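The following blocks contain the structures, represented as structure tokens.
Two complexes are shown next, each including subunit A; its partner changes from subunit B in the first to subunit C in the second.
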Partner chain A sequence: MNRTIAYITFRGMLGRRRALLLFALPALLLVLAVTLRATGNNDLDISTVVLQRFALGTVLPLLGLIAGTGVIGPEIDDGQIMYILTKPISRSVIITTKLAVAIALIIGFGVIPTLVAGLILTGTLAQLAVAFAVAVLVGGTAYCAVFVALAVYSRFAVTIGLMYALIWESLIGNFAPGAKNLSIQQWSLAIAKSLTSATAVKADISLGAAVVLLIIVSAGGTLLATTRLRTLSVTSAD
Partner chain B sequence: MSTIKLENVSRWYGNVVAVNGVSMTIGPGVTGLLGPNGAGKSTLIHMMGGFLSPSSGTATLDQAPIWKNPEVYRKLGLVPERESAYDFLTGRQFVLAMAKLHKLTQPIAASRRALGLVEMEDAADRTIGTYSKGMKQRIKMASALIHDPPVLLLDEPFNGMDPRQRLQLMELIRRMADEGRTILFSSHILEEVERLAQHIEVIVAGRHAASGDFRDIRRLMTHRPHVFMVRSSDDRLLASAIIADGSARSVQLTEAGLQVEAVDFRRFTWLVPQAARAADVRLWEVSPTDESLESVFSYLVAK
Partner chain C sequence: MTTPSATPSAIHDIGYRHYDGPRLGRAYILRSLFVQNLRAAYGLGRPAKAKALPFILFAFMLVPALGSIALVALSKEPRLLIRYSAYTIDLQILVAIFLATQSPVLASRELRSHVIPLYFSRPVGALDFVLAKFGAFTTALFVLLATPVTLLYAGALATRDPKAKSLLNARPGDTPSHVDSVGTHTLHYLGALTGCLLFALVLAALGLVIAAWTPRRGFGVAAVMAVYMLSSTIVLIVQGIATTQGHYEVAGWAGLFSVFNLIDIVQAKLLGATSTMDVPTSALAGPAAALLCAAIVAGALAILYTRFRKAGTS
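After this line comes the complex of A and B, so read on.
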């Protein structure tokens, strides 16, 4: 971890227009929770749908994409990464710092709002709120690792990430059972299921498999990003 | 005292060769890397700065490989060509952040010193986004000087600067060099390089075209044949006068006027008005046709 890199990254993330999305997504979740609670539509089944489909299935991948690519992608595109790369700092420290900032953003804009929304909806019933908050944290870490790596590898990281999250996980993952095996969302859901007694939470992946896959993907993404950063060529026009 | 050494360095992108078998040694003092746009200057600087791996050959800084070796940045300061610094930071925050990234023991003192060197104290508390091009260039310079590096690489540092800023930066670079630093800067403008660099390396189309003291390069450039277009009241008469003198290799009568290939630039430019007056011919136009830098360079390559 490097505090200076973290400071610059936070300033960059929260100063950009994209930051509005970071605020808007969890705000939407909270408004939805409050509305359902106020209208009395907050039984366990509906609450599960909100947390699973919206918090875990929609808000989290988008947050992961914004945070994961945002902490490093624009810097590579605009060339400012040179100011960090021209310092005697190991490339793994740079990547872990970027990743830590992305995860901190996930905690602030994903984990805490999910917990609060869960508590508004169901209180402490069936540990549903905590279960999904943990799932969002673990899944968020994996998303960030993947998207940071993607941002170091490709200038089209946001597009590729959106296709993965929206088309693969949401569309194909919901119809083709096989695709679920390769879905961060489904692995996170397995974590949530293991932590709650609510029967409405169903997962197709076993907890053991989910944990192993989440660890592999998070560590793999970090490693790939570091390796790639070591040989990052700045190919600006001559 | 530090030395950057390129040994038979080439770099290609797919089928395109950007740099072709270049060997050079950059020692203390100011070295100018001169070449037309697209010649491969940036590619060379990126390889010297560790941002690009040579496709073949080696680039070293005091015998240590530069590629994949972040430790070289203790000795190396780099001013990239691209303008973008962190626009949302103030100049002071930016330079201080760079000091901290270098893990200097006294980052605040170091950043104050660097801001002083480039004379940016007054604007240091404005965000970089509000700076002019020249100011951005200076703040980038401050960030590169923060750890007092013995080697400084500057990619097109004078681009977009007004004459006053240009003079200031030249002054600063000279001062840095007097302190024994090794400084390399790239430019496509001969006058800039000539005014600042004791030593010049010329790159044309990815090849190392010439190397040496600026006087040698100047001589090479002035001794090449110059082609002039001359229009006058009596081209035929003037042509005979020019041919008789011997300062021109050939004179060609064309529809548009006389096309003269001069061998001695000085003598020819002196002769033409004299000869015209003696022959009572009125000169309408004397214009060099190949004065573009590219033609100068292509002549050097052919040598």
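After this line comes the complex of A and C, so read on.
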């Protein structure tokens, strides 16, 4: 961990208009939760749908994409990464710092809003809020590791990440159930299922497998990003 | 120095000898900008990496149409053809990905590299600049949406049973396969093309505004996608809740908040198509949705105009 890199990355992520996008995602989740609570549509099934489809299925991949690629992608793109790479800082420190910032953003804009939204919707009923907050944290960590690695590897990281989240996890996952075995969203859902007694939470994969896969993907993403950063060649943008 | 407004000269005229010959004029500028932006939307004139995604998405858009035509040809059952007006809505994820990845190409690149003042130092107005961009992106999207629908139409006519009757002289007892006539197909096809144009206009407007608002690389893509995913998911959840409680009218009106539902309402209410998603039964819904579309396009053009004009002065 390097404090200066972390500070610069935070400033880059939260500067000006970009922060608005990050704030808008959890804000919508909270508005939805409050509206549903106010209109009395907050039974366990609806709350599960909101937390599963909206918090875990929509807000989290977007947040992971923005945070994961945003902490390192633009710097590689405009060549600023050179100012860090030419300093005597180990590559693994750079990647872990970037990853830590991304995860901190996930906690601030994903985990806490999910917990609050869950509490607004159901209170502490069936531990639903806590279960999904933990799932968002674990899933968010995996998303960030994958997307940081993607951003180091390709300049089209956001597009590739989007296609993974949209086409693989949502579209193909619906038609070919096998694709769900390789979906961060499903692994997180398995974690959520093990923590709540709500029957509406269904997962297609066992808890053990999910935990192992999440650890492999998170560690693998970090490792790949570090290796790639050692041999990074900065080419001109666009 | 001559006064800037007195002559159409640009910065290269530093007052030594004036050029008095004919100038190519505003239409030429507009056309050049339009062509350049249209080519950029498909990555033409840029490296292979920039071409890959738009062309892959374009190819994917055609696959279901070809499959559907093959199915009709083999089964002799015209009802199996995908409905023209439903095609864009069925493949909305591909359309959304195209929109998200290509709108920053048109709207953010010049902002990011701060070259807008260079455009405006020539006789190019901010309005022309924005109109050319909007027109080019609308055309690019329309090509993406209308090509598979046209393919479906051609396939339907090629595989049609010539003995089928026209919709116009169809009798109440006729089965749907009997109304498989050229007239019916053409009518539905033209309706769907209008729908495609409407989709192209509204999507281009939204995509360009969002991308111009977040020029940082990657953020534009994520922002356009976020707007699409959040709006459609929220509308889906609200419609789900409203439908289970029997508030079908509320479910229909909720569609105004998601682009694809919005234009589905216009298609169903004003263009004579069968609705693909929840649509309000009220007769007001069609005009309201159409008005909203017009407001989105007009608002987007106004925002883009001020955005680029400001970027041109700094």
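Keep this in mind: the second predicted complex is superposed on the first by the 233 of 238 C-alpha atoms of A that agree within 3 Å, B and C clash if a C-alpha of one lies under 4 Å from a C-alpha of the other, contacts with A are read in each partner's own complex, and residues count from 1 in each chain.
Going forward, a contact is a pair of C-beta atoms (placed from the backbone, for glycine too) under 8 Å apart; a residue touches a chain by one contact, two chains touch by 3 or more.
What you see is a predicted model; the values in this text were computed from it and never measured.
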Room on subunit A for both subunit B and subunit C (clash or fit): fit
First (subunit B), second (subunit C), both or neither touched by A:T122: neither
Partner chain(s) touched by A:L171 [first = subunit B, second = subunit C, both, neither]: second
Winner by number of subunit A residues touched, once subunit B and subunit C are compared: C
Touching partner for A:F54 - first (subunit B), second (subunit C), both, neither: second
After the two structures are overlaid on chain A, angle v-u-w for subunit B, subunit A, subunit C in degrees (C-alpha centres, nearest 10): 80
First, second, both or neither for A:L28, with subunit B first and subunit C second: second
Partner chain(s) touched by A:M163 [first = subunit B, second = subunit C, both, neither]: second
Subunit B and subunit C, minimum CA distance [Å, superposed model]: 11
Touching both subunit B and subunit C, residues of subunit A: 78, 237-238
Footprint of subunit A on subunit C - complex, ascending: 49, 53, 93, 96-97, 100-101, 109, 113, 213-214, 216-219, 221-223, 225-226, 229-230, 233-234, 236-237, 240-241, 245
Sites on subunit A touched by subunit C in the complex: 17-18, 21, 24-25, 28, 32, 36, 41, 46, 49-50, 53-54, 57-59, 62, 65-66, 69-70, 73-74, 77-78, 151, 155-159, 162-163, 166-167, 170-171, 237-238
Footprint of subunit B on subunit A - complex, ascending: 2-5, 7-8, 11-12, 15, 78-80, 82-91, 230-238
Residue numbers on subunit B that touch subunit A, as the complex places them: 13, 18, 37-43, 46, 49-53, 68, 70-71, 73-74, 76-78, 80-82, 84-86, 88-89, 97-98, 100-103, 143-144
